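Pasting the structures here.
Two complexes come next, and they have one chain in common, subunit A, joined by subunit B in the first and subunit C in the second.
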Partner chain A sequence: MLNALDNTVMIKRLIVKDWQLVKKSLAAYMLGGVVVIGMMGMATPLMFNSGAIMMITLMIVIGARSAIELVVNEKKDQTLAFMMSLPVTAQDYALAKLGANLALYLVPWLLLVLGMLLVIVSTPVTNGVIPLVVLVSVFILLSYCCYLATALLTYSEGYTVTVMIITNLLLNGFIFWIIRMPAVHLTLEAPTASWNSTTLGLLAAGSVLVVVVLMLTAYLQKRKTSFL
Partner chain B sequence: MQQYAFDMRNISIRYPHFAMENLNLSLAKGQVLGLVGVNGAGKSTTIRILMGLVKADAGQVDVLGYQLPAQQVQAKYDIGFASDDMRLYKNQTLQWHMDFIHSIFPNFDHGYAKDLLQRFELIADQKMKGLSHGQRVKACLLLVLARRPKLLVLDEPTTGLDPVARDEVITELADILRDDERSVLFSSHNTHDIEKLSDQIAFLDRGKLLALQDKESFVQSWARFRCQLLPQAQESVLGAVSIRRSGQLAEVITDQCSSDFAVVLHQAGFKVIEQHRMSLEEIFVANVKRNR
Partner chain C sequence: MSQGSGSTRLFYLDNLRALAMLAGVLFHAALAYSPMAQPFWPSADVLNHPLFDVFAWASHLFRMPVFFLLAGFFAAMLLHKYGEAVFWRNRLRRIGLPLLLFLPLLTLAMGAVIQFGLFHVQHKPPFLAFVQSMLSQAEPAAMPLSTMHLWFLYHLLFLYLLTWCGRILLNRKMLRWFSELKPNALVLLSIMACVPALYSVSVPFPAPEWIFPALWALWFYGVFFGLGYACFSMPALLAGFSPFRHYYLLLGAASYALYYALLPITLTPQSQPEGWLKLAITVLESCSAVLWTLCALLYARRWLDWDSRALAYLSKVSFWLYIVHLPLLLFVQFLLIDVQMALWVKFVISCGATLALSLLGFHILVAPTALVSILAGNRTHQA
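Let's turn to the complex of A and B:
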């Protein structure tokens, strides 16, 4: 069997194709992100908190749309057969999907997180909220990786939406849980970001889980013998 | 030495409600092979194995000199595949798809694509979501044919088309497939379509290859005899696929039709009243019934 990396030209071509398919909607979401960051930059508690809620929603919507539109719909809309008629293996295709989704989610995610951090450090909003913002953002990224993995491994809208619902419910629980942690809530009003062993541990655990989920997805995809 | 477009040897695959055991199927270069089978016969499974999309539990698949699924990437550069369940991106135009295919296959023939656009009466700038099913099928065929693949694999491309669209697609395909260099595997449960396009015909049922012959051999070797039963009529006749009795009459179907068969019938107590050639559909049905 050819090593998937031997077919990098086709993998890149498929990633570019996915970019072409979603670039307009992604641009619209990013415009929405700029508006939300602007709201948060007004630095009043009402505008910052409303903006934060809208930002969480936006991150979830971008991820959900990416996984549904680029993976699940490919099977649902029966374009998968067209793609698999091209000179690619199932592994090439899965790798391209993983690459495209990560690129098309990670870049906006990173820009939105950096935008929020920029607003926090450049406005009267207390920098103590930075660990909370980063941890919640990483949890949203981990959630995205979970439902992306589900989409890639099952191509099932039902399973993918189920994982989305579960991760969204867990997000609420996660925010409630960490805000109650002394290591987080005691430093929220601090003038500087306070990274302690608890917040750093959570950050490391979240990052490791992201990598584990992605690697496991690639491994399970490689073991598939039947496609379509 | 025989040059094969593809050669499938001892292919076996097992699903919970379907099994294919030791399938052997090959296609000589430049030939058009029609694969006939009812829904669930294993046509799509055969084609998916041939395209490297499904890995068989056992057996060997050689396509254009490449071993599949291991060398499917190289093989797919020379295989054009279209199926009835294949769709294009609904929010993109046919032109976008043509450009996309061209970016992958540098040999994409724009002149030929333009010719096919006219023949199929398609508009390059129209989005896929605005096309009828017949137009979508034609668009898929255009994208495949303009690549000028060495092997064309068409999995039920006419399924779901209205009679007019089906006739248009079949007529165009018959014209296009005159190219002697191109090998074609065409699957359908519609024997009329297969009969119009194929040099060779294979019957598949429940994962088994029932028969594989050239079209003329099928039509010549199969016949139906309407007979009067003589008092000494035997229960069976050598060479008869089926005997259906109704009072003093019987209908005998054979796959070994020759001038001798009428003699064999007479010796067995069957007086021939009429002899009919059978259509491919009738031959297919008789074949399936015999093997079930």
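Let's turn to the complex of A and C:
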């Protein structure tokens, strides 16, 4: 992968190309993000809960669209053949894809999570929900990393969509699972965020898994000797 | 500010901004002597007079909209002249950085001024009495996070983000539809667009000070920001509005007179109008806000387009004045509450002292430091 860094000019151009492709979608998501944070900020139970559901939906949609649009469709629309004609190696291409996807997802993800936390801290919504919100957001990030890895390693729409469906189903299970944990549900209405060994353990596990999935993807990409 | 690719400076925009800032100091000072603002203004005096209400709520309708209109105009100008990368660098430096830098400092300053008021004011205004009763509880509630009067900068950043979204998402067909509207149709559309946003909040519309974007404010001020953006992008637009400016002024005044007559006597949550009355007040509020904001721009274009030394100076210090005037004003008014003095004298002293302290602060803290390039812009007097 280090050799791939030698071709930074082309890698940057590939990232810019991806940015141009998803700029329109990202603008729409940003607009949606501002509206959702504004809704949650009204701090009535209806608005906060509707906003929270829309926020989770937005995070999932941003990830799903970017993985499909930037990776899977590249092969489907046969633009991969054009990529092969450029002075880039398979490793350059893989690095550019990983970098572009992560940047284009992590920035809106981070903005949405920070916006949500800001709303919780500054409104009458109890700060006890902060660990739940952070854990669910990290799970969504982990899900994204899983289907991005699948897309990058297989370029298969079928496999990628399958992993998306599985992770989305697991998200519901995950929310139910952690809400039933005494360490989480007993502190939901607390005035301050209660980070205990259970929630911290889950956060650490989620973060480690995110890093592992990304490292593994980069390692397997490095071993690729051709685009296909 | 200069327009297009040429270097002709539009003095009337600088001058209008300077005067709008000055009106801001007068507005905040007037609230202390306004009967309607007695229940919530921190430095509400024991003396008050309805004339302060008449002035304060009239200026409230168009003062901040004028700032947003100017911001929209300058945003379009920056994007047109320098492109997106420079636009974002400039806006983050001139809007984002001051917000990050001064919000914590102002929070501390405002806390200190309120503490001063609690300890030194004998005839405590209802707001101070409320804060005192909150603090005397066994477990006082935490103060909500607030952007205070810097809400303008905060919401402006969101409007810049929405501008970026709009430039990508709006297609030529939609833009052409707007550009083909006749001036009065555009005015009517703007008035109607403001009504839902204003209906969703109390009357007169409040300052969106909470530390998250207020949708109604983005909508309402976004209309003015959009108008400003359109005024730069379609130079013929201002000329199209211009022949109607006297009518706008009169119609705005008639709307305001009715609006003021329908306002509740005190602005407590319990006295807020509802139903059809609320709708009528909101329509009138929207009417005055749009018409007078346009008038401010049109009259400035007609009468203020000259290089004035005094207004150039005021324009140069206006950003700093905007940032620091409120804690200074509250401090001065706390000092005056218990003093036996005529109402108008108190008003003049509080405005004069706030301006003097702010300007002194500018020359001691800003002019000799790097802050001057962020807060004082680049206007040079060309007399």
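Going forward, the second predicted complex is superposed on the first by the 224 of 228 C-alpha atoms of A that agree within 3 Å, B and C clash if a C-alpha of one lies under 4 Å from a C-alpha of the other, contacts with A are read in each partner's own complex, and residues count from 1 in each chain.
Note that in this section contacts are C-beta pairs under 8 Å (C-beta built on N, C-alpha and C of every residue); 3 or more make two chains touch, one makes a residue touch a chain.
Owing to the predicted nature of the structure, the values given are computational and were not obtained by experimental measurement.
Chemist: So, on subunit A, is it clash or fit between subunit B and subunit C?
Modeler: Subunit B/subunit C on subunit A - fit side by side.
Chemist: I'd like to know which partner A:162 touches here: subunit B for first, subunit C for second, both or neither.
Modeler: neither
Chemist: Look at A:192 in the shared chain and tell me whether it touches subunit B only, subunit C only, both, or neither; answer first, second, both or neither.
Modeler: It touches nothing on subunit B or subunit C.
Chemist: Using the touch definition from the top, say if A:85 reaches subunit B (first), subunit C (second), both or neither.
Modeler: first
Chemist: Using the superposed model, give me the angle at subunit A's CA centre between the CA centres of subunit B and subunit C, as a multiple of 10 °.
Modeler: Result: 120 degrees, to the nearest ten.
Chemist: If we overlay the two complexes on their shared chain A, which of subunit B and subunit C does A:39 touch? Say first, second, both or neither.
Modeler: second
Chemist: Can A:119 be said to touch subunit B (first), subunit C (second), both, or neither?
Modeler: second
Chemist: Could you tell me if A:207 is touching subunit B, subunit C, both of them or neither one (first, second, both, neither)?
Modeler: In the superposed model, A:207 contacts neither subunit B nor subunit C.
Chemist: I want to verify the contact counts: of subunit B and subunit C, which reaches more residues of subunit A?
Modeler: It is B that touches the greater number of subunit A residues.
Chemist: Minimum C-alpha distance between subunit B and subunit C after superposition, to be given in whole Å.
Modeler: Nearest C-alpha atoms of the two chains are 14 Å apart.
Chemist: Which subunit A residues lie in the overlap of the subunit B contact set and the subunit C contact set?
Modeler: Shared contact residues on subunit A: none.
Chemist: Subunit B touches which residues of subunit A in the complex?
Modeler: My answer: residues 1-2, 6-7, 10, 13, 17, 20-21, 77-79, 81-82, 84-90, 92, 225-228.
Chemist: Can you tell me which positions in subunit C touch subunit A when the two form their complex?
Modeler: Counting only subunit C, the residues touching subunit A are 144-145, 158, 161-162, 164-165, 168-169, 210-215, 218.
Chemist: Mind listing the subunit B positions that touch subunit A in their complex?
Modeler: Subunit B reaches subunit A through residues 48, 51-55, 69-74, 76-77, 79-83, 85-92, 96, 100, 103-104, 140, 144.
Chemist: Would you mind writing out the residues of subunit A in touch with subunit C in their complex?
Modeler: Against subunit C, the touching part of subunit A is residues 23-24, 27-28, 30-31, 34-35, 37-42, 115, 118-119, 121-123.
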